[in-house]
Amino acid sequence: MNVMTNLVAFDVTRIRDDFPILKQTIRGKPLVFLDSAASAQKPRVVIDAMVQAMETQYANVHRGLYWMSERTTEAYEAARDATAALMNANNRSEIVFTGNSTGAINLLAHSYGRGVLRPGQAVVISGMEHHSNIVPWQMLRDAHGIELRVAPVTDAGELDMDAFAALLEDGKVGLVAITHMSNVLGTITPAERIVKIAHAHGAKVMFDGSQAIVHRKIDVQALDCDFYVWTGHKLYGPTGIGVMWGRKELLERMPPFMGGGDMISSVSYEKSTWAAVPHKFEAGTPAILEGIGLKAAIDYVQTIGYGAMAAHEASLTEHALARLAGVDGVRVLGQAQDRGGVISFTLDKAHSHDVATLLDRQGIAVRAGHHCAEPLMRRFDLDSTARASFGVYTTHAEIDALVDGLVRVREFFQ
Amino acid sequence: MSPSDSFDDLRDLYQEVILDHGRKPRHAIRLEEFDATAKGDNPMCGDRVQVWVKFADDGIGRVGFEARGCAISVASADLMAETVQGRTKTDTRALFAAFRDMARTGTCQACDPSLAEPIERLAPLSGVHEYPSRVKCATLPWHALIAALDGAKEASSE
Amino acid sequence: MNVMTNLVAFDVTRIRDDFPILKQTIRGKPLVFLDSAASAQKPRVVIDAMVQAMETQYANVHRGLYWMSERTTEAYEAARDATAALMNANNRSEIVFTGNSTGAINLLAHSYGRGVLRPGQAVVISGMEHHSNIVPWQMLRDAHGIELRVAPVTDAGELDMDAFAALLEDGKVGLVAITHMSNVLGTITPAERIVKIAHAHGAKVMFDGSQAIVHRKIDVQALDCDFYVWTGHKLYGPTGIGVMWGRKELLERMPPFMGGGDMISSVSYEKSTWAAVPHKFEAGTPAILEGIGLKAAIDYVQTIGYGAMAAHEASLTEHALARLAGVDGVRVLGQAQDRGGVISFTLDKAHSHDVATLLDRQGIAVRAGHHCAEPLMRRFDLDSTARASFGVYTTHAEIDALVDGLVRVREFFQ
Amino acid sequence: MSPSDSFDDLRDLYQEVILDHGRKPRHAIRLEEFDATAKGDNPMCGDRVQVWVKFADDGIGRVGFEARGCAISVASADLMAETVQGRTKTDTRALFAAFRDMARTGTCQACDPSLAEPIERLAPLSGVHEYPSRVKCATLPWHALIAALDGAKEASSE
């Protein structure tokens, strides 16, 4: 990877200026934030968009017949347009806003799981899912008699595609719900192949794109999948908003998840009727300010461009893997061919919690634990790892600081 | 309020013609003889309209309606009835498309010149574009009319 | 009501300075915002708290082993303490955060409704509920065989207490879910009496306090109720966060609603176990920034004090009712004895939608429509009303502006 | 890293005594003879500990443990075993309350003066209060110990 090319295409110094928090120091040391996979920092444009909404035009949305409400509705609904464009959705009404990815997957597990799948059918997940893409399907299994099948992960941390295909053989699988990028291993799963195999066996496909959408351009029509979920706070947007994209004809077949204001067409005690999609799935006052913030985040990401972001992160990841390989006692989990900027590792002399705390003493923020992926940890006989993850603002120098920090931790524990 | 108080601020949206047609609609009658009828219903705001059509030759002879709703929806129904009278069905559909465009955006940029005159008559309603949630008030009677032309009983909600 | 006393206790001019948006003009006219019951404006302290979190210490919460995550966790969890104190909850772990009131009621309808109530039991709501407190119970009825009973509303817009009591006679009612204040009529329901009657018949009680908590001090222990829900954006907080308070022993008996990260104790494919309350009910990355904003809103409200707020609103309401009574053709809906600052009305010469739009032309924001309470509208043979509602920042002069505006609208339609 | 690099920034939290007890715990043994035993489990971070207790008179004779977890939890278990030896059960409970207070807040303000000496020995762990999510690492072995005193098999999670 030619660093010079990147420097031209991607001026990380300028990008860092967009994020007020990066000027912070921790214990007198410059902040080295390497936990973007848990939640990304927010650029000034996102902060400003939310502030501006609250200071100049805030009101509740939909059905307000006055100026501010109309303008706020437009601003909120513009987030739907931006999201549809970001994912190349066919139709803006295919974009359903939820509270986060977890809310999106639960919506699907209820509305598609209980509403469309029939007892006796099966759902396939993989061995590298986040708890948010495991537990809702377990709850569906226990409540609705759906079988839960798990596609195994290879030692390299990739999806075992033969085993995956075998799980679909009997034609009982109604839905495949698989991560598009592991939040532990960084592995990007072969989405197109997954869809081809699943569709060939009559199964629909949902991708958990919580991590993937931060690193790769997502085109749901090119992927040809049926549902795609992600979460705003990891894509430089605010907390409190997530996205479920679904094919319109599927959304229309699904019963609503939550009932209440905004999702109805008419209400009487005997019977209520539902609004058209996507509103059918959005009960109550929506996350208005968060939608407005998310729109700003999407615009921000689009301005930088996925090409530049992916190249920058590929360069960071390559650098990090090379440098970590040079530290005695560091073991990186997973060696997938196709991977994004998330790296889990262990250190021989120290528990990952001690590693994280001692890096924090040096101003370096990494995450440690099971990363909400206990079954994957168990697959690799681990309780926890430390994890460094990268965003648009991450620098090569920060990776060097991490490596130096790890060397110090190891010496300290010697 | 002093008697000299002008209503300019109100009138820029609710032009005299809207007030007039809203207050005293000329076509707010259930036709005794008709060829088609359909209802429109906006459950979100409770507006309800039924439209009756009597055809003449291959065009629209006469339109009558009953509406329950705001001044804008009543005025829009009445202006519609007045404007489509004597037009072909094809023309009427084209006019609806143009009108909807105008109601949403304030102008009808892509309008066919042949529609200039009827669009001009409907233009007082163009101000609703500032209030996206009221656009449906203006278009609801049209949806019912088109449903009637299609032989449907009810306008499908947008 | 002695206005002078209020002026001393409550300086509305100073309060208005706290809300940046109130400096806005609409079409060159000063903004008269009378739609606080739909969503309230945000004071600077709320905006600042969210900005400050994003600019100086943002990170994901819970299990982050580094400084920023620990500080953000503390700030987010401080919202739980503030909420518990606001409602006088017995224990901070009785506070569950959701996306809004609607999310809170749906949580309850699922977790308590399907998890604890048994088919054949009944739920009682009232005839003046918001759709958010109707539809979830209808969905429960249809999915789980629960009977839905509706306590009627009198012509004065109050709860018919005899009829209510009669609905509980047969002992089949497991839960009473009733509004504590109507968002249409302004009626405050007799909460203590409702609880006494319900408990005497073995039913639990949930109050929908979405409106009430804006106007009255809520003490869940004094009310002796079992669940109490409300929504942040109406109490001067951000969108995207709601509250469900429940008695700990009930929360502990309830199965979780959504599954995912943060709500588990351990996950394996065979079986997952749940975190302790309240985390069991909070799946996925929480509304972190919104919690921080809500904390600031609660502090703001506490500083003003419910006594002063309630007195101010009582004075506004009295003034508004008196002045509206003087406008020809205005009919106010409901004449409850105990009421808060929400007034619905119709005008003889104009449809409520035209009223709202024409008031907006004069810079005055009111809401018009069915206010997400269609069955209540039908009870009063109406399709819609216009509604003015008040907040801490509302002035007597704004009510005068509304009345003048209505007079003009009526003349205009003459 | 130059050899002159000091570890002051790391050592203010991980004092030498923690590193030492974490690396070479003296009491990390499963007692062959014991009167009570209990497990502690923190599923959130995977820490696991088992504690064995042998009583002497009405007090604690000896404590052994097996722990899987971070340096802080192992050091805490070891310091605990060392400190409670020879104390009465009542004393031990009081000491746990005081220690938990210190782990959460950094100091033990309300501490009984009689606990000054043992608290002093446990004080190197007080730095965890800066990391609320690590407080449990330090208190987990104590929870297991108290569970054993209570005759329970497992510490109930906080």
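Labels for the chains are A, B, C and D, by order of writing; each one numbers its residues from 1.
Simple rule for what comes next: a residue touches a chain if its C-beta (ideal position, glycine included) is under 8 Å from a C-beta of that chain, and two chains touch if they have at least 3 such contacts.
The shown structure was predicted, so the numbers you read here are calculated from the model rather than taken from an experiment.
Between C-D and B-C, more C-beta contact pairs join the chains of B-C. Averaging Cα atoms per chain gives one point for each, and the point farthest from that of chain A is the centre of B.
Spacing of chain C relative to chain D, judged by their CA centroids, is 46 angstrom.
Distance between chain centres (mean CA atoms), chain B to chain D: 79 Å. Rounded to a whole number, the gap between the C-alpha centres of chain B and chain C is 38 angstrom.
The distance from the centre of chain A to the centre of chain C, with each centre set as the mean of the Cα atoms, comes to 31 Å. Chain B has residues 44-45, 131, 134 in contact with two or more other chains. For chain C, the set of residues touching two or more other chains reads 27, 63-65, 67, 266, 353, 357, 360, 369.
Of all the residues in chain C, the ones that touch chain A in their complex are 20-21, 24, 26-27, 31, 33, 35, 38-39, 41-42, 46-47, 50-51, 54-60, 63-69, 99-103, 105-106, 109, 130-136, 138-139, 148, 150, 231, 233, 238-242, 256-264, 266-269, 271-272, 283-290, 353, 356-357, 359-360, 364-369, 372, 374-375, 378.
Within the complex formed with chain A, the chain D residues making contact are 1, 5, 7, 9-14, 19, 23, 44-46, 68-72, 131, 134, 137.
Residue ranges on chain B touching chain A, taken from their complex, read 43-45, 130-134, 157.
Those residues of chain C lying in contact with chain B across their complex are 27, 350-354, 357-358, 360-362, 369-370, 377, 383-384, 404, 407-409, 411-413. Interface residues of chain C facing chain D in the complex, by the touch rule stated above, are 62-65, 67, 70, 73-74, 265-266, 273, 276.
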